[in-house]
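Note sheet for the following structure.
Should a chain be cited, it is by its letter among A, B, C and D, assigned in written order, with residues numbered from 1 in that chain.
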Amino acid sequence: MARVLLFGPLRDLAGWRERDVEAASLAALRGALAAEDAALGEALGGPGVQTAVDQALVRGDAPLSPRSEVAFLPPMSGG
Amino acid sequence: MARVLLFGPLRDLAGWRERDVEAASLAALRGALAAEDAALGEALGGPGVQTAVDQALVRGDAPLSPRSEVAFLPPMSGG
Amino acid sequence: MIRLVETAFDPGALLSEFTRGRSETGAVATFTGIARAEAGATTVLELEAYPGFTEAEIGKIAEQARERFGLHDLAILHRVGKIGPGEPIVFVATAAGHRRAAFEACDFLMDYLKSRAPFWKKEHGPGGARWVEPTAQDHADRERWT
Amino acid sequence: MIRLVETAFDPGALLSEFTRGRSETGAVATFTGIARAEAGATTVLELEAYPGFTEAEIGKIAEQARERFGLHDLAILHRVGKIGPGEPIVFVATAAGHRRAAFEACDFLMDYLKSRAPFWKKEHGPGGARWVEPTAQDHADRERWT
(Lines give C-alpha, C1' and ligand atoms only; values in the text may rest on other atoms or scores of the structure.)
Protein backbone atom coordinates (compact mmCIF):
# COMPACT_ATOMS: atom_id res chain seq x y z
CA MET A 1 0.00 0.00 0.00
CA ALA A 2 1.30 3.40 -0.92
CA ARG A 3 -0.10 6.85 -1.47
CA VAL A 4 0.41 7.74 -5.14
CA LEU A 5 0.57 11.35 -6.36
CA LEU A 6 0.43 12.45 -9.99
CA PHE A 7 1.47 15.91 -11.18
CA GLY A 8 0.99 18.11 -14.23
CA PRO A 9 -0.02 16.37 -17.46
CA LEU A 10 0.04 12.94 -15.76
CA ARG A 11 -2.84 14.01 -13.58
CA ASP A 12 -4.88 15.14 -16.59
CA LEU A 13 -4.08 11.88 -18.42
CA ALA A 14 -5.09 9.64 -15.51
CA GLY A 15 -8.05 11.70 -14.40
CA TRP A 16 -6.98 11.56 -10.76
CA ARG A 17 -4.39 13.24 -8.59
CA GLU A 18 -4.01 11.10 -5.51
CA ARG A 19 -4.81 7.46 -4.69
CA ASP A 20 -3.85 4.61 -2.44
CA VAL A 21 -2.48 1.58 -4.31
CA GLU A 22 -1.55 -1.84 -2.93
CA ALA A 23 2.12 -2.57 -3.81
CA ALA A 24 5.27 -3.66 -1.97
CA SER A 25 7.70 -2.13 -4.45
CA LEU A 26 7.87 0.59 -7.07
CA ALA A 27 8.01 -2.00 -9.83
CA ALA A 28 4.87 -3.69 -8.49
CA LEU A 29 3.18 -0.31 -8.22
CA ARG A 30 3.97 0.58 -11.84
CA GLY A 31 2.65 -2.83 -12.88
CA ALA A 32 -0.59 -2.34 -10.98
CA LEU A 33 -1.14 1.14 -12.46
CA ALA A 34 -0.34 -0.06 -16.02
CA ALA A 35 -2.68 -3.05 -15.69
CA GLU A 36 -5.51 -0.70 -14.91
CA ASP A 37 -4.65 2.13 -17.32
CA ALA A 38 -2.25 1.23 -20.14
CA ALA A 39 -1.86 4.86 -21.30
CA LEU A 40 -0.88 5.95 -17.80
CA GLY A 41 1.50 3.00 -17.47
CA GLU A 42 3.25 4.08 -20.65
CA ALA A 43 3.34 7.74 -19.65
CA LEU A 44 4.95 6.89 -16.29
CA GLY A 45 7.90 5.41 -18.18
CA GLY A 46 8.02 8.35 -20.60
CA PRO A 47 11.04 10.63 -21.17
CA GLY A 48 11.87 12.90 -18.28
CA VAL A 49 9.36 11.45 -15.83
CA GLN A 50 11.01 11.20 -12.41
CA THR A 51 9.87 9.25 -9.40
CA ALA A 52 10.09 10.34 -5.78
CA VAL A 53 9.55 8.09 -2.78
CA ASP A 54 8.88 10.03 0.40
CA GLN A 55 9.98 13.20 -1.37
CA ALA A 56 13.40 11.85 -2.45
CA LEU A 57 14.09 11.10 -6.10
CA VAL A 58 14.81 7.42 -6.82
CA ARG A 59 15.98 5.57 -9.91
CA GLY A 60 15.02 1.99 -10.66
CA ASP A 61 13.08 -0.13 -8.20
CA ALA A 62 12.60 0.52 -4.48
CA PRO A 63 10.70 -1.22 -1.70
CA LEU A 64 7.56 0.51 -0.45
CA SER A 65 6.20 0.53 3.06
CA PRO A 66 2.48 0.88 3.77
CA ARG A 67 3.02 4.55 4.46
CA SER A 68 5.21 5.37 1.45
CA GLU A 69 4.34 8.41 -0.62
CA VAL A 70 5.16 7.88 -4.29
CA ALA A 71 5.13 10.87 -6.64
CA PHE A 72 5.43 10.71 -10.42
CA LEU A 73 6.91 13.95 -11.69
CA PRO A 74 6.69 14.78 -15.40
CA PRO A 75 9.29 17.19 -16.82
CA MET A 76 9.23 20.29 -14.66
CA SER A 77 8.16 23.46 -16.34
CA GLY A 78 9.75 25.91 -13.97
CA GLY A 79 7.78 28.72 -12.40
CA MET B 1 26.63 89.64 -12.18
CA ALA B 2 26.05 85.95 -11.86
CA ARG B 3 24.98 83.53 -9.20
CA VAL B 4 27.90 81.20 -8.47
CA LEU B 5 27.45 77.71 -6.99
CA LEU B 6 30.22 75.51 -5.61
CA PHE B 7 29.85 71.78 -5.00
CA GLY B 8 31.60 69.06 -3.05
CA PRO B 9 35.21 69.71 -2.04
CA LEU B 10 35.19 73.13 -3.76
CA ARG B 11 32.61 74.32 -1.27
CA ASP B 12 34.73 73.17 1.67
CA LEU B 13 37.82 74.82 0.18
CA ALA B 14 36.12 78.17 -0.42
CA GLY B 15 34.06 78.16 2.75
CA TRP B 16 30.89 79.18 0.88
CA ARG B 17 28.37 77.49 -1.33
CA GLU B 18 26.55 80.23 -3.18
CA ARG B 19 27.35 83.88 -3.99
CA ASP B 20 26.62 86.65 -6.44
CA VAL B 21 29.67 87.85 -8.36
CA GLU B 22 29.94 90.75 -10.79
CA ALA B 23 31.24 89.43 -14.14
CA ALA B 24 30.25 89.64 -17.81
CA SER B 25 31.93 86.39 -18.86
CA LEU B 26 33.11 83.12 -17.38
CA ALA B 27 36.74 84.17 -17.85
CA ALA B 28 36.09 87.41 -15.96
CA LEU B 29 34.31 85.46 -13.24
CA ARG B 30 37.21 83.07 -12.80
CA GLY B 31 39.55 86.06 -12.63
CA ALA B 32 37.44 87.75 -9.97
CA LEU B 33 37.26 84.59 -7.85
CA ALA B 34 41.01 83.92 -8.17
CA ALA B 35 41.87 87.52 -7.27
CA GLU B 36 40.01 87.11 -4.04
CA ASP B 37 41.00 83.51 -3.19
CA ALA B 38 44.04 82.15 -5.02
CA ALA B 39 43.55 78.58 -3.76
CA LEU B 40 39.98 78.55 -5.04
CA GLY B 41 41.11 80.06 -8.37
CA GLU B 42 43.59 77.25 -8.81
CA ALA B 43 41.10 74.56 -7.76
CA LEU B 44 38.51 75.78 -10.29
CA GLY B 45 41.02 75.01 -13.06
CA GLY B 46 41.95 71.66 -11.52
CA PRO B 47 41.63 68.27 -13.25
CA GLY B 48 38.10 67.11 -13.82
CA VAL B 49 36.39 70.29 -12.67
CA GLN B 50 33.50 71.04 -15.04
CA THR B 51 31.56 74.25 -15.42
CA ALA B 52 27.85 74.60 -16.04
CA VAL B 53 26.11 77.80 -17.08
CA ASP B 54 22.36 77.69 -16.50
CA GLN B 55 22.64 73.93 -15.91
CA ALA B 56 24.37 73.16 -19.23
CA LEU B 57 28.03 72.12 -19.30
CA VAL B 58 30.29 74.57 -21.13
CA ARG B 59 33.93 74.47 -22.17
CA GLY B 60 36.11 77.54 -22.48
CA ASP B 61 34.69 81.02 -22.08
CA ALA B 62 31.05 82.07 -22.27
CA PRO B 63 29.21 85.36 -21.85
CA LEU B 64 27.19 85.75 -18.66
CA SER B 65 23.95 87.65 -18.25
CA PRO B 66 22.98 89.26 -14.95
CA ARG B 67 20.79 86.24 -14.22
CA SER B 68 23.23 83.50 -15.18
CA GLU B 69 23.75 80.61 -12.79
CA VAL B 70 27.32 79.33 -12.89
CA ALA B 71 28.14 76.02 -11.20
CA PHE B 72 31.62 74.61 -10.66
CA LEU B 73 31.44 70.83 -10.49
CA PRO B 74 34.40 68.87 -9.14
CA PRO B 75 34.79 65.23 -10.26
CA MET B 76 31.48 63.50 -9.56
CA SER B 77 31.56 60.74 -7.03
CA GLY B 78 28.44 58.90 -8.10
CA GLY B 79 25.73 58.02 -5.64
CA MET C 1 12.78 32.41 3.45
CA ILE C 2 11.39 30.08 0.81
CA ARG C 3 7.64 30.00 0.57
CA LEU C 4 4.81 28.94 -1.74
CA VAL C 5 1.56 30.90 -1.51
CA GLU C 6 -1.88 30.31 -2.98
CA THR C 7 -3.11 33.90 -2.87
CA ALA C 8 -2.02 37.19 -4.41
CA PHE C 9 0.94 38.91 -2.76
CA ASP C 10 2.51 42.36 -2.84
CA PRO C 11 6.21 42.25 -3.78
CA GLY C 12 6.67 45.67 -2.17
CA ALA C 13 5.62 44.39 1.24
CA LEU C 14 8.19 41.62 0.89
CA LEU C 15 10.93 44.09 -0.06
CA SER C 16 10.08 46.37 2.90
CA GLU C 17 10.47 43.43 5.24
CA PHE C 18 13.63 42.21 3.53
CA THR C 19 15.50 45.54 3.67
CA ARG C 20 14.56 46.42 7.25
CA GLY C 21 17.32 46.53 9.86
CA ARG C 22 20.31 45.84 7.63
CA SER C 23 23.42 47.81 8.49
CA GLU C 24 26.13 45.76 6.76
CA THR C 25 24.25 44.80 3.60
CA GLY C 26 25.09 47.33 0.93
CA ALA C 27 23.06 45.79 -1.84
CA VAL C 28 19.61 44.28 -2.28
CA ALA C 29 18.49 43.07 -5.70
CA THR C 30 15.00 41.79 -6.41
CA PHE C 31 13.11 40.27 -9.26
CA THR C 32 9.35 40.09 -9.60
CA GLY C 33 7.82 37.95 -12.33
CA ILE C 34 4.33 39.01 -13.37
CA ALA C 35 1.76 37.01 -15.35
CA ARG C 36 1.44 38.63 -18.77
CA ALA C 37 -1.95 38.96 -20.42
CA GLU C 38 -0.25 38.40 -23.82
CA ALA C 39 -2.93 40.68 -25.29
CA GLY C 40 -5.68 38.28 -24.24
CA ALA C 41 -3.96 35.09 -25.41
CA THR C 42 -3.51 33.89 -21.83
CA THR C 43 -6.31 34.48 -19.38
CA VAL C 44 -5.16 32.44 -16.42
CA LEU C 45 -1.95 30.68 -15.50
CA GLU C 46 -2.16 27.62 -13.28
CA LEU C 47 0.89 26.51 -11.34
CA GLU C 48 1.15 23.23 -9.54
CA ALA C 49 3.85 22.40 -7.00
CA TYR C 50 4.63 19.33 -4.92
CA PRO C 51 4.38 20.83 -1.43
CA GLY C 52 7.45 20.05 0.66
CA PHE C 53 9.43 18.64 -2.26
CA THR C 54 9.25 21.88 -4.27
CA GLU C 55 10.46 24.06 -1.37
CA ALA C 56 13.24 21.55 -0.58
CA GLU C 57 14.50 21.52 -4.18
CA ILE C 58 14.44 25.32 -4.34
CA GLY C 59 16.24 25.33 -0.98
CA LYS C 60 19.13 23.33 -2.44
CA ILE C 61 19.67 25.93 -5.15
CA ALA C 62 19.27 28.72 -2.63
CA GLU C 63 22.13 27.19 -0.62
CA GLN C 64 24.27 27.04 -3.76
CA ALA C 65 23.54 30.72 -4.42
CA ARG C 66 24.37 31.68 -0.83
CA GLU C 67 27.79 30.08 -1.06
CA ARG C 68 28.64 30.95 -4.65
CA PHE C 69 27.80 34.66 -4.31
CA GLY C 70 28.50 35.13 -0.60
CA LEU C 71 24.94 36.25 0.10
CA HIS C 72 23.97 37.71 3.46
CA ASP C 73 20.38 36.63 2.94
CA LEU C 74 17.78 35.68 0.35
CA ALA C 75 14.03 35.34 0.02
CA ILE C 76 11.97 33.44 -2.54
CA LEU C 77 8.22 33.52 -2.68
CA HIS C 78 6.30 31.70 -5.43
CA ARG C 79 2.62 31.68 -6.24
CA VAL C 80 0.86 28.37 -6.92
CA GLY C 81 -2.69 27.75 -8.10
CA LYS C 82 -4.54 30.02 -10.50
CA ILE C 83 -2.93 33.36 -11.32
CA GLY C 84 -4.61 36.12 -13.29
CA PRO C 85 -2.91 38.53 -15.73
CA GLY C 86 -0.99 41.29 -13.99
CA GLU C 87 -0.56 39.27 -10.79
CA PRO C 88 2.93 38.61 -9.44
CA ILE C 89 4.05 34.98 -9.81
CA VAL C 90 7.46 35.00 -8.19
CA PHE C 91 9.55 37.30 -6.01
CA VAL C 92 13.26 36.80 -5.39
CA ALA C 93 15.39 39.05 -3.18
CA THR C 94 19.11 38.77 -2.53
CA ALA C 95 21.25 40.69 -0.05
CA ALA C 96 25.01 41.05 -0.34
CA GLY C 97 27.83 43.39 0.58
CA HIS C 98 28.14 44.70 -2.95
CA ARG C 99 25.84 45.03 -5.93
CA ARG C 100 27.50 42.65 -8.38
CA ALA C 101 26.94 39.64 -6.09
CA ALA C 102 23.35 40.65 -5.33
CA PHE C 103 22.49 41.06 -9.03
CA GLU C 104 24.19 37.86 -10.14
CA ALA C 105 22.63 35.75 -7.40
CA CYS C 106 19.16 37.07 -8.22
CA ASP C 107 19.70 36.39 -11.93
CA PHE C 108 21.04 32.88 -11.16
CA LEU C 109 18.08 32.03 -8.92
CA MET C 110 15.57 33.21 -11.52
CA ASP C 111 17.25 31.18 -14.28
CA TYR C 112 16.95 28.11 -12.09
CA LEU C 113 13.37 28.82 -11.04
CA LYS C 114 12.25 29.40 -14.63
CA SER C 115 13.85 26.30 -16.09
CA ARG C 116 14.18 23.59 -13.47
CA ALA C 117 12.18 24.22 -10.33
CA PRO C 118 9.50 21.59 -9.58
CA PHE C 119 6.46 23.36 -10.94
CA TRP C 120 4.01 22.32 -13.63
CA LYS C 121 2.44 25.15 -15.51
CA LYS C 122 -0.78 25.29 -17.48
CA GLU C 123 -1.87 28.24 -19.58
CA HIS C 124 -5.60 28.77 -19.92
CA GLY C 125 -6.50 30.90 -22.94
CA PRO C 126 -9.47 31.51 -25.19
CA GLY C 127 -8.50 28.41 -27.23
CA GLY C 128 -8.31 26.06 -24.25
CA ALA C 129 -5.57 24.98 -21.85
CA ARG C 130 -2.07 23.66 -22.48
CA TRP C 131 0.83 22.48 -20.32
CA VAL C 132 3.98 24.55 -20.77
CA GLU C 133 7.59 23.44 -20.77
CA PRO C 134 10.65 25.69 -20.36
CA THR C 135 11.68 27.49 -23.55
CA ALA C 136 15.01 26.98 -25.31
CA GLN C 137 15.88 30.47 -24.00
CA ASP C 138 15.20 29.33 -20.43
CA HIS C 139 17.58 26.40 -20.85
CA ALA C 140 20.22 28.61 -22.47
CA ASP C 141 19.91 31.13 -19.63
CA ARG C 142 20.51 28.41 -17.06
CA GLU C 143 23.53 27.07 -18.97
CA ARG C 144 25.31 30.40 -18.45
CA TRP C 145 26.03 29.39 -14.85
CA THR C 146 27.65 25.99 -15.45
CA MET D 1 10.09 58.70 -12.37
CA ILE D 2 13.41 60.24 -11.40
CA ARG D 3 13.49 61.85 -8.00
CA LEU D 4 15.87 63.09 -5.32
CA VAL D 5 14.65 62.99 -1.73
CA GLU D 6 16.07 64.40 1.48
CA THR D 7 14.36 62.04 3.89
CA ALA D 8 14.37 58.29 4.49
CA PHE D 9 12.27 56.21 2.10
CA ASP D 10 10.92 52.66 2.00
CA PRO D 11 12.00 50.79 -1.16
CA GLY D 12 9.10 48.38 -0.66
CA ALA D 13 6.53 51.15 -0.97
CA LEU D 14 8.16 52.19 -4.25
CA LEU D 15 8.09 48.62 -5.56
CA SER D 16 4.40 48.22 -4.63
CA GLU D 17 3.58 51.33 -6.61
CA PHE D 18 5.81 50.32 -9.52
CA THR D 19 4.33 46.83 -9.98
CA ARG D 20 0.68 47.85 -9.65
CA GLY D 21 -1.57 47.56 -12.69
CA ARG D 22 0.89 45.97 -15.12
CA SER D 23 -0.60 43.33 -17.38
CA GLU D 24 1.99 43.19 -20.19
CA THR D 25 5.14 43.61 -18.11
CA GLY D 26 6.49 40.18 -17.32
CA ALA D 27 9.55 41.29 -15.43
CA VAL D 28 10.43 43.88 -12.80
CA ALA D 29 13.98 44.08 -11.45
CA THR D 30 15.01 46.38 -8.64
CA PHE D 31 18.13 47.39 -6.85
CA THR D 32 18.33 49.03 -3.44
CA GLY D 33 21.64 50.44 -2.25
CA ILE D 34 21.94 50.70 1.52
CA ALA D 35 24.47 52.73 3.55
CA ARG D 36 26.83 50.27 5.22
CA ALA D 37 28.00 50.84 8.76
CA GLU D 38 31.38 49.32 7.81
CA ALA D 39 31.59 48.07 11.40
CA GLY D 40 31.55 51.62 12.75
CA ALA D 41 34.08 53.08 10.27
CA THR D 42 31.39 55.18 8.60
CA THR D 43 28.81 56.83 10.78
CA VAL D 44 27.09 59.12 8.31
CA LEU D 45 27.17 59.50 4.55
CA GLU D 46 26.48 62.92 3.09
CA LEU D 47 25.38 63.23 -0.51
CA GLU D 48 25.19 66.49 -2.38
CA ALA D 49 23.39 66.94 -5.69
CA TYR D 50 22.89 69.90 -8.01
CA PRO D 51 19.09 70.05 -8.04
CA GLY D 52 17.70 70.13 -11.55
CA PHE D 53 21.05 69.35 -13.20
CA THR D 54 21.44 66.03 -11.37
CA GLU D 55 17.94 64.79 -12.30
CA ALA D 56 18.45 65.93 -15.91
CA GLU D 57 21.77 64.07 -16.23
CA ILE D 58 20.25 60.92 -14.73
CA GLY D 59 17.32 61.38 -17.11
CA LYS D 60 19.64 61.21 -20.12
CA ILE D 61 20.98 57.84 -19.01
CA ALA D 62 17.48 56.65 -18.19
CA GLU D 63 16.48 57.41 -21.80
CA GLN D 64 19.48 55.44 -23.05
CA ALA D 65 18.43 52.50 -20.88
CA ARG D 66 14.83 52.67 -22.09
CA GLU D 67 15.90 52.42 -25.70
CA ARG D 68 18.78 50.00 -25.34
CA PHE D 69 16.83 47.46 -23.28
CA GLY D 70 13.32 48.15 -24.59
CA LEU D 71 12.03 49.02 -21.12
CA HIS D 72 8.34 49.50 -20.49
CA ASP D 73 9.09 51.76 -17.52
CA LEU D 74 11.70 52.70 -14.94
CA ALA D 75 11.97 54.48 -11.61
CA ILE D 76 14.99 55.98 -9.90
CA LEU D 77 14.90 57.50 -6.46
CA HIS D 78 18.06 58.81 -4.79
CA ARG D 79 18.63 60.13 -1.30
CA VAL D 80 20.59 63.35 -0.80
CA GLY D 81 21.75 64.97 2.42
CA LYS D 82 22.82 63.00 5.49
CA ILE D 83 22.20 59.27 5.46
CA GLY D 84 22.69 57.00 8.46
CA PRO D 85 23.94 53.37 8.39
CA GLY D 86 21.26 50.92 7.29
CA GLU D 87 19.27 53.58 5.43
CA PRO D 88 18.52 53.10 1.73
CA ILE D 89 20.48 55.46 -0.54
CA VAL D 90 19.17 54.55 -3.95
CA PHE D 91 16.32 52.57 -5.49
CA VAL D 92 16.16 51.61 -9.16
CA ALA D 93 13.30 49.65 -10.74
CA THR D 94 13.03 48.50 -14.34
CA ALA D 95 10.06 46.92 -16.10
CA ALA D 96 10.35 44.89 -19.30
CA GLY D 97 8.64 42.10 -21.17
CA HIS D 98 11.27 39.56 -20.16
CA ARG D 99 13.68 39.19 -17.29
CA ARG D 100 17.02 39.51 -19.11
CA ALA D 101 16.22 43.06 -20.24
CA ALA D 102 14.93 44.08 -16.81
CA PHE D 103 18.05 42.75 -15.04
CA GLU D 104 20.51 44.22 -17.49
CA ALA D 105 18.89 47.64 -17.51
CA CYS D 106 18.88 47.76 -13.70
CA ASP D 107 22.54 46.71 -13.60
CA PHE D 108 23.44 49.29 -16.29
CA LEU D 109 21.64 52.11 -14.46
CA MET D 110 23.35 51.28 -11.17
CA ASP D 111 26.78 51.17 -12.80
CA TYR D 112 26.14 54.65 -14.18
CA LEU D 113 24.70 56.00 -10.93
CA LYS D 114 27.63 54.69 -8.88
CA SER D 115 30.37 56.01 -11.14
CA ARG D 116 29.20 59.05 -13.07
CA ALA D 117 26.01 60.57 -11.73
CA PRO D 118 26.35 64.18 -10.49
CA PHE D 119 26.65 63.55 -6.77
CA TRP D 120 29.41 64.47 -4.34
CA LYS D 121 29.80 62.14 -1.45
CA LYS D 122 31.35 62.69 1.94
CA GLU D 123 31.92 59.97 4.51
CA HIS D 124 31.79 61.02 8.14
CA GLY D 125 33.55 58.55 10.43
CA PRO D 126 35.16 58.51 13.85
CA GLY D 127 38.38 59.89 12.32
CA GLY D 128 36.72 62.83 10.55
CA ALA D 129 35.17 63.42 7.15
CA ARG D 130 36.48 62.75 3.66
CA TRP D 131 35.22 63.26 0.12
CA VAL D 132 34.87 60.03 -1.84
CA GLU D 133 35.51 59.36 -5.52
CA PRO D 134 34.32 56.32 -7.51
CA THR D 135 36.46 53.22 -7.04
CA ALA D 136 38.42 51.54 -9.82
CA GLN D 137 35.79 48.78 -9.61
CA ASP D 138 33.02 51.34 -10.22
CA HIS D 139 34.79 52.55 -13.36
CA ALA D 140 35.43 48.98 -14.55
CA ASP D 141 31.76 48.09 -13.98
CA ARG D 142 30.64 51.01 -16.13
CA GLU D 143 33.10 50.11 -18.90
CA ARG D 144 31.28 46.80 -19.39
CA TRP D 145 28.51 48.62 -21.23
CA THR D 146 30.59 50.50 -23.81
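Simple rule for what comes next: a contact is a pair of C-beta atoms (placed from the backbone, for glycine too) under 8 Å apart; a residue touches a chain by one contact, two chains touch by 3 or more.
This one's a predicted model, so the numbers in the text were calculated from it and none came from an experiment.
Among the remaining chains, none touches chain B as well as chain D. Each chain gets one centre point, the mean of its Cα atoms, and the points for chain B and chain C are 50 Å apart. The distance from the centre of chain A to the centre of chain B, with each centre set as the mean of the Cα atoms, comes to 77 Å. In this assembly, the C-alpha centroid of chain A lies 27 Å from the C-alpha centroid of chain C. Contact with two or more other chains is made by residues 33, 114 of chain C. Counting only residues that touch two or more partner chains, chain B has none.
By the definition given earlier, chain contacts exist for A-C, B-D, C-D. Residues of chain B that touch chain D in their complex: 5, 7-9, 11-12, 52, 55, 71, 73-79. Considering their complex, residues 10-19, 21-39, 85-86, 88, 97, 99-100, 102-103, 106-107, 110, 114, 141 of chain D touch chain C.
Looking at the complex, you find that chain C touches chain A at residues 33, 47-48, 50, 52-53, 56, 78, 89-90, 113-122, 131-134, 138.
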